[in-house]
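In the two complexes below, chain A is the common chain; its partner is chain B in one and chain C in the other.
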Partner chain A sequence: MTHESMTRGRITPGLMTRRSLWIALLLVWSLAPMLWQLLSSFTTADALVNDQLSFWSRWTLNNYRDLLSTDPPFWRYLLNSSLVASLTTLLTLMLAIPAAYGLAKLPQRLKGILRTAVVGAALFPYVLLFLALLELARTFALGNNLIAIAIPYSALSMPLALLLLTAAFEALPNDLEDAAKLEGLSLWQRLRWVLLPLIAPASASTAILVFLFAWNEYPVALTWLSRSDLLTLPVAMARIAGSSTYSVPYGTYAAATVLGAIPLLVLVLVFQRQIVSGLTNGAIKG
Partner chain B sequence: MTLQLRAINKRFGERQVLHQLDLDVANGECVALLGASGCGKSTALRLIAGLDHPDQGSIRINGAEMVDVPAERRRVGMVFQSYALFPHLNVWDNLELGLRMRGGSAATRDERIRGVLEVLQLSGQARLRPSQLSGGQRQRVALARALLRDPLVYLLDEPMSNLDAQLREDLRPQLRRLMIGGEQPVVYVTHDQQEAMALADRIAVMREGRIEQIGTPRELYLQPASTYVAQFIGRPQMNLLPARDGVITGIRPDDLRLDPAGSPCTILSREWFGANQMLLVRCDRGDLRLVCPGETAIEAEPRISWPGTCEHRFDAVSGRRLPSDRLPSD
Partner chain C sequence: MTMLLAAPALLLIAVVFGWPMLRYAWLSFHADSVLTGLEPVANGGANWLRLAADQRFWLDAGQTARFALISVSLELLLALAIALLLHQRWRGRGAVRALTLLPWALPTTMMALGWRWIFNTPYGPIEVLARSLGLGSLDLLSTPSITWLVTVFADVWKTTPFITLILLAGLQSIPEDLYSAFRLEGGTPLQALRRVTLPLLLPYILLSLLFRLAQAFGVFDLVQVLTGGGPAGSTESIALYAYLNGMRFLDFGYSATVMLAGFLLLTAMILAGTLLLKSVGLLRPLDR
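On to the complex of A and B.
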């Protein structure tokens, strides 16, 4: 503490510029591919393979026009993905919040065993499950149904959601719930008026992570959905990439990537404060 | 209104926290549970509140059995050591939440909250979050919440141990005015004997899950039932002389006096507090603490004595008080 504040107190201009340099390098490293995609999405197919073209003849909006004029149009996939991801998030939170509360209240030994099991489930490579899941979809006729696909998505997100939310409940001081009890609040009233508001940051970051998982998921979507108007983004984008045997439509593909990233960017920008405080946790003070 | 505990047993795993605990608190009476940490005093409070369940025994409030009544419906007002204010709500909402959940019209709610804020001088802080309040203000909000609960019993769990000494002294009269001596029984848990003596009608000194002695502060001070109680009540601590013929003799530091005809001793240390001073002296019977007025001049080698009527005699093995043939000195 003292050491850190001492060094912070002695920051020289040279040190500052060196630090900014590192931050700049880091940003370039992580953002350059995205910038490349953004540029590519506005570049004509010719310009992508030919660097002799003049600067002014390289740019086009055709990639986006192509993307939105296909049948079904690209926004349809955006809508599908939004629907699936929202449903998944909702279902996961509805199940994981009461479950995490229960887990946090269990006696220590039982909690340890269950936590180990949940961590195991969270680390399990879920790709190994997709054949079994496909079998389930066949048996219960859940294929080609955007609402039904939220079920396996929620199940796959559950371990991570449980870990994050259980930790959040455990971080709350016991006295708070005891005080609410003595105030005459029933279990549901305590959850609604005291506990849920206090774990809101953790819930927000959990929601974002679950939403992201559902947005990006590929193998299950590939096997559960086959009707072209029901595809989710990742599957639809893979189809664009493989739509022509003789050429790869880089421009269109880049445009799809940009459009597909926008909803997530908005979401993260809106909730960034909650995400950070939820992930670092311990944000609750009396 | 009365509170009655009968033969309460509670164990956590291997540890027996409370043994056959009996306790009666009368209407308007304040009983302090006093003891070192881990003696079971807080557990007893949580059992009364319904936050923990006793293994055996009965808890009655106004004659009604409470053991199977959940905490939500027991109507107890509790003040926590940590205050346990809801950090996401401002003072007003903290106080209103319970009232709203329990029902009742909005107008009466507003009136009651406004009244209690007025009494506790918190009207200006109604829209502040707990994190924006000082320790003393938080404590008063916690008191206000307990008052608004309109409880059958008040339970106070070391309500002042997070405050500095000055604030504690300021809050004691408020506490007495608002909670203690009303209609309800009050159980006050503390490890501070001074606080217990200042506020409680009776003090129960607890040790290892049992009540070692219960009585008025005066009884405990003048006739401690064991060496444990003797050392817990009264500051500075009672002097316990090494056992002779199976008897430990105890003398309060304020009963010792400087006496030219007494036994000689040497001064080991001296603490001066203004109104009085405390000396640690070594004599042939061992080391003794002595309290005398602050302006008394102290020789390098004083002589001390004590009246025989001030001696407390305890069994050296059990530590229990031995019956004395003389009358208590009160």
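On to the complex of A and C.
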């Protein structure tokens, strides 16, 4: 809008092709590495290291077959990650929604202090926490447990969730809740029937961002999970990479990348709007 | 009553973010390794003295800061260009926005694995391309002076979409009238960018800068999978060094010291940066 309006009336065919060129370049930059993985995943091991092979003898489905016939099969990691990410999202929202409501009602000063602390936590490079979290996992026997790992994950995504949801509650007019109070609705009823539907968009944004975080989290999963049938996708990926640099089966790698990317591809394309509004609201109001 | 609603969430944050820092502070004055039978034994300031003289730590700190500053600067420039492009109105913009978001949404370890194949010597596509251009072997993942640039590249690829989104939000908050007024006064598009867009975008730029610098300073997933910190330690970050101390050398006392020191360095860097920006007057628009 901005720069278009600056040049309105002067949009020439030349300008349009130049823009198309930039858009094409942007798409190549964003997608080329993934497309290369896709291509590699269908290429035979021989063809990956020998570009003299004829075009027709290069292609195979073996990489996918190998990936699904390992022990545990690859889909197991997808399942683990889905479980952990769903649990984390659920737990985070269950704790963050009432908390954000409470924070939004606090007196200005106290709210300011707490918000600074929460923003600080949101900025914190959480990888530095792994050692103490690992100790906690050992003390309370929470290691190798896909349900327990949702606890640190919820805590780690809580700052962002609180910032987004508190902003959403603050944006609601007070009259609404006052009216519901006059009608004799209890706090729980007000939350459930009046406020929750109104903050649904913010909750959806928060949910998808938390889900993505939990799906992609690496250092905590790396230290909390060691049983090979319990690994989440990022750790499984790194473990494949952990085999020697020279004997690494790159075709299988690529197939793993493709299978691992498909759920996210769907997620991002379907929930693009929620992701964008979540991140941008976090930027504006946080 | 309302405070009670917030208590569980705040408690969880306090435990998971606050407790580790207290624990590290305590551990950093203890020896806790295989030598002590993995039991903490008070050792005065020995860990801190060791840290002060630990060349590997200071090398890693420098490398981490270099990685963070360079990759975040590049990301910011690139994101600004992309945000300006995505802010214009054209057909298919929504779909392109979603597609450019993908790199950010993928697990870092997954793409790190992908990059290892793409930058592989001698079979990766970059290497093959370089060979066919007659450039010879690039050895991108085994040349200390180059490999860290590959990690920068991978980070830029992955996190630029995040900054782009923040900047897009900023662009959308600038009222259209400002541009019309500026045009009426005879300003060119380039002048509008410098005198209208950038100043109003500043809060968003600073916000993404702050957030990304802190995250990039904690870089771990990427280097652990892509390079393992090598070649010859040239891409090792503070977080990776702390991880190796804890998980490989089983020296928890020193690992805690390294992490606490990393956190303090980051805080000092952010404070210094804030003071610097303040002294040149860049933060004034934020005091509203």
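Heads up, the rule we're going with is that the second predicted complex is superposed on the first by the 248 of 286 C-alpha atoms of A that agree within 3 Å, B and C clash if a C-alpha of one lies under 4 Å from a C-alpha of the other, contacts with A are read in each partner's own complex, and residues count from 1 in each chain.
As a working rule, a residue touches a chain if its C-beta (ideal position, glycine included) is under 8 Å from a C-beta of that chain, and two chains touch if they have at least 3 such contacts.
For clarity, every value in this text was computed on a predicted model and none was experimentally measured.
Taken together in the superposed arrangement on chain A, chain B and chain C fit without clashing.
Within the superposed three-chain model, A:T17 lies out of touch with both chain B and chain C [touch as defined at top].
By the touch criterion defined above, A:S30 lies against chain C but remains apart from chain B after alignment on the C-alpha atoms of chain A. Between the Cα centres of chain B and chain C, as seen from that of chain A, there is an angle of 100°, stated in steps of 10. With both structures placed on the common chain, the touch criterion links A:M158 to chain C but leaves chain B unconnected.
Chain A is touched at more residues by one of its partners, and among chain B and chain C that partner is C. Judged by the touch definition given at the top, the superposed model places A:K181 against chain B, while chain C stays out of reach.
In the superposition on chain A, A:P197 makes contact with chain B only, while chain C stays out of contact range. When both complexes are overlaid on chain A, the residue A:S226 reaches neither chain B nor chain C.
In the superposed model, A:V118 lies in contact with chain C only, and not with chain B. Minimum C-alpha separation, chain B to chain C, in the superposed model: 14 Å. 284 are the residues of chain A that lie in the contact sets of both chain B and chain C, per the superposition on chain A.
Per the touch definition, chain B reaches chain A in the complex via residues 49-51, 70-78, 80, 82-88, 97-98, 101-102, 130-131, 145, 149. Across the complex, chain A is touched by residues 1-10, 12-13, 15-17, 19-20, 23-24, 82, 84-85, 87-90, 94, 96-103, 105-118, 120, 123, 125, 128, 157, 161-162, 165-166, 168-174, 176, 179-180, 183, 188-189, 192-193, 197, 204, 207-208, 210-211, 214-215, 217-218, 220-221, 224-225, 239, 242-243, 246-247, 252, 255-256, 259, 262-263, 266 of chain C.
Partner chain B is touched in their complex by these residues of chain A: 173, 175-176, 178-186, 189, 193-194, 197-198, 284-286.
For chain A in complex with chain C, the residues that touch the partner chain are 1-7, 19, 22-23, 26-27, 29-31, 33-34, 36-37, 40, 48-49, 51, 95-96, 98-103, 105-106, 114, 117-118, 121-136, 151-152, 154-156, 158-159, 162, 187, 212, 215-216, 218-219, 223, 233-235, 237-238, 240-241, 245, 248, 250, 253-254, 256-257, 260-261, 264-265, 267-269, 272, 275-276, 279-281, 283-284.
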